[in-house]
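In the two assemblies presented below, subunit A is common to both, partnered first by subunit B and then by subunit C.
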Partner chain A sequence: MKQNKGKIGIKEYIAIIALTVGTKLSDDTPSIIFENARNAGWIAVLLMGAMAIIPIILLIKVFSAHPDKNLHEVIIHLFGRFFGNILSIALLLAGVASVTVDTGTYVDIIGTMYFTKTPTSIIYMVLMLVCAYGAKRGIEQIASVAWVLIPYLKITLFIAFLVSFNSGHFDFIFPIWGEGKMEIVKSSIKNVSIFSDFLFIGLIAPLVVSFKDFKKGTIIGLFIVVFEISLALISYVMLFDYTTAELLNYPFHETIRYIEIGFLPNVETLFFPFWLVATFIRFSFYLYLSAILLGGILKIEEFEYLIPLITIIILLLGLAPDSPSIYLYIMRQKLLMLLSPAFLCLPPLMWLIAKIRGDFKNEAVQESS
Partner chain B sequence: MRQYKNLVKVLILVCIVLSMAGCWDKTELDEKAYVIGLGLDTHEKAGKIKVTYLIANPEVGSQQSGGGTNEPPQEIVTFVANDFISSRNTANTVISKEISYDLLSVIIVSEELARKPDFVRVMYSAAKDREIKRSAELIVTKEKAEKFITDNKPTLETRPHKFFEVKIGRGKETGMIPDTDLNDFFQVSESDSDLFLGIYATTETEEGDEGAASDDDFMAGEIHFGGKEKAAQFAGAAVFKEGMMIGKITGEETRISSLLDNTWELQDFITAFQDPFDGQYRISARLAKPRKNTYQFKQQSGRPVIDIKVPMYIEILSDPSLVNFSKNEEKIVELKKSLTTSMEEHLTQYIKYTQEEFKGDTFHLSIPIRKNFATLKEFREFDWMKSYPDAEINVSVDIRFGEFGRQTKLPSLQELRD
Partner chain C sequence: MLKEMLRLFKKQQNQEPPAKDKVVGERTDLKEQQFSSNLQENLSVIRTLYSIPDNKDVKLREMYLEGFNKNAALVFISTITDVKSIEENILKPLVENTSANKKVKDIVSIQMVHEVGIFKDAVKDMNKGNALLLLDGEAKAYILDCPDFQSRAIEKPETEVLIKGPKEAFNEKVVANISLLRKKIKNENLIFESIEVSQRSHNDVFIVYIRGLANEKLVDNIKERLGSLEVNAIQNLSLLEEYIEERNYSLFPSVLTTERPDRAASFLEDGYIALLMDNSPDSLILPATFWAFFHSPEDHYLKIHYGNFTRALRMVALFITIFTSAIYIAITTFHAEMIPPDLLLAIASSRERVPFPAVIEILIMETAFELIREAGLRVPSPIGPTIGIVGALILGQAAVEANIISPIVIIVVALGGLSSFAVSDLSLNFAVRLIRFAFILCAAMIGIYGMTAFFAAGIFYLVSLKSFGVPYLAPLSPNYKSSKDTIFRRLVKNEKLRPGFLKTSDSQKKSDGA
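Let's turn to the complex of A and B:
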């Protein structure tokens, strides 16, 4: 363990991906996808996964030439100091905005579905406090917590899926193409950015033990989350039918309130704590990523000290909107649409520049030497 | 010093985790009034409804309540409100505890309210409310919901939540009441291609002669029970189209509907058929559906044609004409033939009835035929609700016999009388 200080292994890396991206199936991402793709939402997710592979592969390719640089350093290297910094700032803004909107959404879920009387500000503060503490502990701790807890989180999730498959009707997923093939494609392009986390995950690329693990972990992680989210969308449609599934704000929470396990009717309290833990890990990781990026831009070595600052900013911004459940939903939709082209275009652009600059030749030389 | 540091950290973590449990939302069990049944009635004033709460007493029936309690197991209040969300606070004028819908298991609606076009608007409050679950049951009552709740006095299952849970559960198993819930109500109303069946119940027994209802072909309230039981009768279903009640069907029709429906899990039920060997008797049989139905859909010159194949597993429980099936293979073939035609007749008749009377199907037929459409647009243009009344639906029943009672052999009648 000692020689790997500050580094994470492939297991932990995959666990982080599965928790950060996989948890999206439990917020309002499904209803955003359902809006266009209707009951074919699961196909849309598979398509998004297929689409996301291209930028992710190119990104990995770029990192292969710079195994000890993180995303920010690679961007600076490729685009030069000035444009690189501008790009990184744009990424940071987008990242912080999504974390803000996401935390707002999660606070809204906790507030509307479970703790109806607790003031939003208190829920928000407690959530951010826990996540900031988690982020401050560093990537190693987040990763090992993720790895330790992932079996419990995923097992409870799959129990929920199994039960809802059992009480749902498979025929609800027909007509197979939903609103039509074009609509599926449209919805996929618009929302492919649910996988844009993979771009930000590039910030911890040098922290994974070896580059090979990073490459393998990213691809395996992508397959896991695509499969998981797609399965979740099928289960929601099977349980509620497309007309209703589209109207639900948070289908996952509606599901765990609806299902009964054997003779136990009110089982949501069984799933809620596990979901909460996944949420903590997820946002701890996001805060950590934002801190790395900000630290990189401002050239602050001890970027951990930026976490409280970012937390406070997110907290204040997240508390600002009036009628959060409606406003945040719209914000999230817009943000996803805005991030999609960025996610699809940035890695190819980086790869192209790296190619022109001849970075890959260096790598070939390095490997042969 | 080091171990203190860790201790402090653990303490902080514990505090954080504990605070997530939420002190704001903390309420003790005895500070909450759990509404088990919610009754809804019409009120003369437009936009207002009459709300009845059936509140359970959590102290009754629990083992550890030292010494028990002399309070009754339930409490009932009725008042006029705008909807059943704002009514919670109004109820606190008489009820000392905070009203909670957390354990709400049945929503009881009078037929009068269910038949109003406004009904669906009233019901959507349930989708908005944070505590009401989609697994709640919808019961339609012949009389006012208020009267139903006050008159329903089961002798043994006095705890209301247990009563409804067991009664509805058993009714669903025997197929006398439909296997539906609030989620189905919303789903069927929103997709607008099938009809929804709500549970039909009443505490009023109809005047009339006692033998009028034959076999299972009765509604709740049509059977006369002797003895002293004062519990409500649950049988049959209320038919809803686009979120509004348009009619009702009997217990037998509900069973038929459930046989045609792939979304219902039907346990076995016992019913009687005409004895093919002697017209004056009826044979009791236990029916079960071992597998799901298969549906074949095609369009012939614009008219949809659907073939439904219903697999049945039947156990013959009685032999009133003393035919002695175990020794007579031809008789079994004959019986099978007679049962098949009888069942097919019943099913076809019922389908025809829904086509003419309700102009929609009550057995989720739109779901299996969805497979034959590539996109939702095509399916919407096909408009199942509109095409169903003209559809040609052929039902075939595939019967497999199981046991023939505990004792398969019977003495012949002549021998006995000899």
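Let's turn to the complex of A and C:
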């Protein structure tokens, strides 16, 4: 079946960003941030957002000179065939590794928080099966699903926040700087890569209807997710205080277990499906991105056929660790730390090379003509 | 050897498909003949073609026309022609005519008269209820227009019942249906093109659209699809639907059937295309999106809040139908902790003496419900109410007392079943009811996780569906310019745009000041 090579609009694009990056507030990202920043985690997120703006803007700038090239093609164009491919392969490895670790984490969440008796392999297989199916449908469909469902996902999320604000203690967010300003900065730099998805999103840059939409969408998306994650961290701290919040592996799920709504004492099963849908969309998108990148490196036009392959690899790798809660947590921490400098340095480097090569002059000429 | 097999295989592939016009058993050779100037020769051909006198309702009237000084014959199928009109407007003037200079056209007082040269055309027109006039010494025949097919009168719609709004429905006569549509759209650009879709029964399909509004490419695409059918007979639109659909195995309908001319007309005015056919008390609307099945014309006839309230109810009903049974299974089997303790105890005590797991219980009851529904539909109408009472009251009551089913399951299934009736479109109704079973199975296997996984996959499928090139969930996503008539409607005066996904030539329905 030939996939439709249609383009996605700005609404759908923002929905994808909000779901892929925004969902991070519900895994173990918060506890990784809390580890250094303590109760000032939410400030750290804001700082990360501010930090991430620079590489993202430079990235957009680079794309502005090549509006119909995706990340891989731009890299090849800038760094030459050899180094470009090496860089792309490195990105692919990092990407697939983080998808593996992330899916592992999510399966662990489902396994430990909701389905304690179900074998991990079954949960993993169902997750990957649905995601592979979604990815195979193509970017247009992923974007459509994201846009159709995002109102419901975000409304339920904010209901959870509201209820937890209600039952939390506002005092817990003080002292406002937590362990100290230095610690916040340290934690931010270490973990700024939670926004490294924006680098990978560059892979679908040419698929957004217009470059203007891509630019606007990326910036709006960044603001939305920064706001969202920061809000989430405040709610966790208010509900649990930082010592507990730091110990909890998955504070979001503890939150929805903790809160009560009216006569319902246990509402986690109400929120769980919405979170799950977001998860499915998120990993469908990641699988799709990995497939584009791999397809680009191997020069395979019909890269959709790579999705089953990538899915199987991720499934097998993800099932490997013995005690996922601990192992994956450490893996994720390391990965975030490794990716951070890459995320901070690569776009400026790309921009610099583009500048030296004089790509922007072409653009100026194009615009004036 | 492999090569040999491959060669044979290829050979088989290359075999010519049977010729298009070859329909075994039809006298194609006779039909291709020209009329001769000898009346008796012509008549003998007609006799062979129509198997006169075996064929009782084919009437052949021979006469001598004094005015022309010629022998003549009138042939028609009496059951589908207007016999009275034949007597008064054809036979009488012809026989009474004394002038030799007048032409046939000037003598008979019939709407349309045209001449044909070969038997094929003559036969085709006779089969449509026209009379054939043959004159000795003329190598042609006259077709006199006088069809009169039996049909019922225009009645009230039966499947799409509305409280407020027009009460006319299509019937099995396409002429009447066209007239109903013309009554609503008084425009010369409203086109009724006919295409013959079957070779033996010669069924015509009318493609209805507003020229200058409907997307020409879409019209051509549909014409092409209809023209390429090689079938002996397609009786009605319901059968045609499967021939022109893109995904036959899909659960979701991609062509909308409506029996309401007002609904068809409003679709036409938006730039959709409708198909009409004899013997079909309905019309097919294409392309159809999910919303077309979800909406009811009454949503617009009622005041905005009433209409939107109905839509909200319908949406809730849709979700209740799909999810209640599955959620009951998932919660009682996997997520018992989320039920408030009192309710949990109540459920537990009512299920105490039931020997089956929840999923079996639900499946028994759902099957029973579907059976009652199907049986209730088929039983002769005098027994109908009895079935309902026996099914719903006695069966349910007895099942509970016999400890086969717990009372709460009856509530759950009845709620789902009742809600399914609020989804008015028959096709969508079936889709929803079938999907419900899939969700029940998913819930029985891995609870909410399974249901959500299936739901996510389903939504992925739904957005990738297309009906004649139009995404199924448009204009919700992908986003198109439209009046945003999706889950809720807006004020009619604010619905200014035609749906953008149809790519109509004129997208504006009203001026901004309207």
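Basically, the second predicted complex is superposed on the first by the 364 of 369 C-alpha atoms of A that agree within 3 Å, B and C clash if a C-alpha of one lies under 4 Å from a C-alpha of the other, contacts with A are read in each partner's own complex, and residues count from 1 in each chain.
In this text, contacts are C-beta pairs under 8 Å (C-beta built on N, C-alpha and C of every residue); 3 or more make two chains touch, one makes a residue touch a chain.
This is a predicted model, so every value here is computed, not measured.
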{"item": "When subunit B and subunit C are modelled together on subunit A, clash or fit", "value": "clash"}
{"item": "Partner chain in contact with A:F172 - subunit B first, subunit C second, else both or neither", "value": "first"}
{"item": "Subunit B versus subunit C as contact partner of A:F263, first or second or both or neither", "value": "second"}
{"item": "Contacts of A:K11 with subunit B and subunit C, given as first, second, both or neither", "value": "second"}
{"item": "Touching partner for A:K186 - first (subunit B), second (subunit C), both, neither", "value": "neither"}
{"item": "First, second, both or neither for A:K216, with subunit B first and subunit C second", "value": "neither"}
{"item": "Subunit B versus subunit C as contact partner of A:S144, first or second or both or neither", "value": "second"}
{"item": "Contacts of A:L247 with subunit B and subunit C, given as first, second, both or neither", "value": "first"}
{"item": "First, second, both or neither for A:I281, with subunit B first and subunit C second", "value": "second"}
{"item": "First, second, both or neither for A:V126, with subunit B first and subunit C second", "value": "both"}
{"item": "Colliding region between subunit B and subunit C, picked from 297-305, 441-449, 459-467 or 477-485 after the shared-chain fit", "value": "441-449"}
{"item": "Doubly contacted residues of subunit A, that is, touched by subunit B and again by subunit C", "value": "114-115, 118, 122, 126, 129-130, 133, 265-266, 276"}
{"item": "Touching residues on subunit A, where the partner in the complex is subunit C", "value": "6, 8-9, 11-12, 110, 114-115, 118, 122-123, 126-127, 129-130, 133-134, 137-138, 140-145, 147-149, 263-270, 272-273, 276-277, 280-281, 284"}
{"item": "Contacting residues of subunit B [partner subunit A, same complex]", "value": "12-13, 16, 19-20, 22-25, 102-103, 127, 130-131, 133-135, 183, 186-187, 190-191, 262-263, 364, 367-368, 370-371, 373-379"}
{"item": "Residue numbers on subunit A that touch subunit B, as the complex places them", "value": "38-39, 112-119, 122, 126, 129-130, 133, 169, 171-172, 174-181, 239-244, 247, 254, 257-258, 260, 265-266, 276"}
{"item": "Sites on subunit C touched by subunit A in the complex", "value": "331, 334-335, 337-338, 340-341, 446-453, 455-457, 459-461, 463-464, 471, 473, 476-479"}
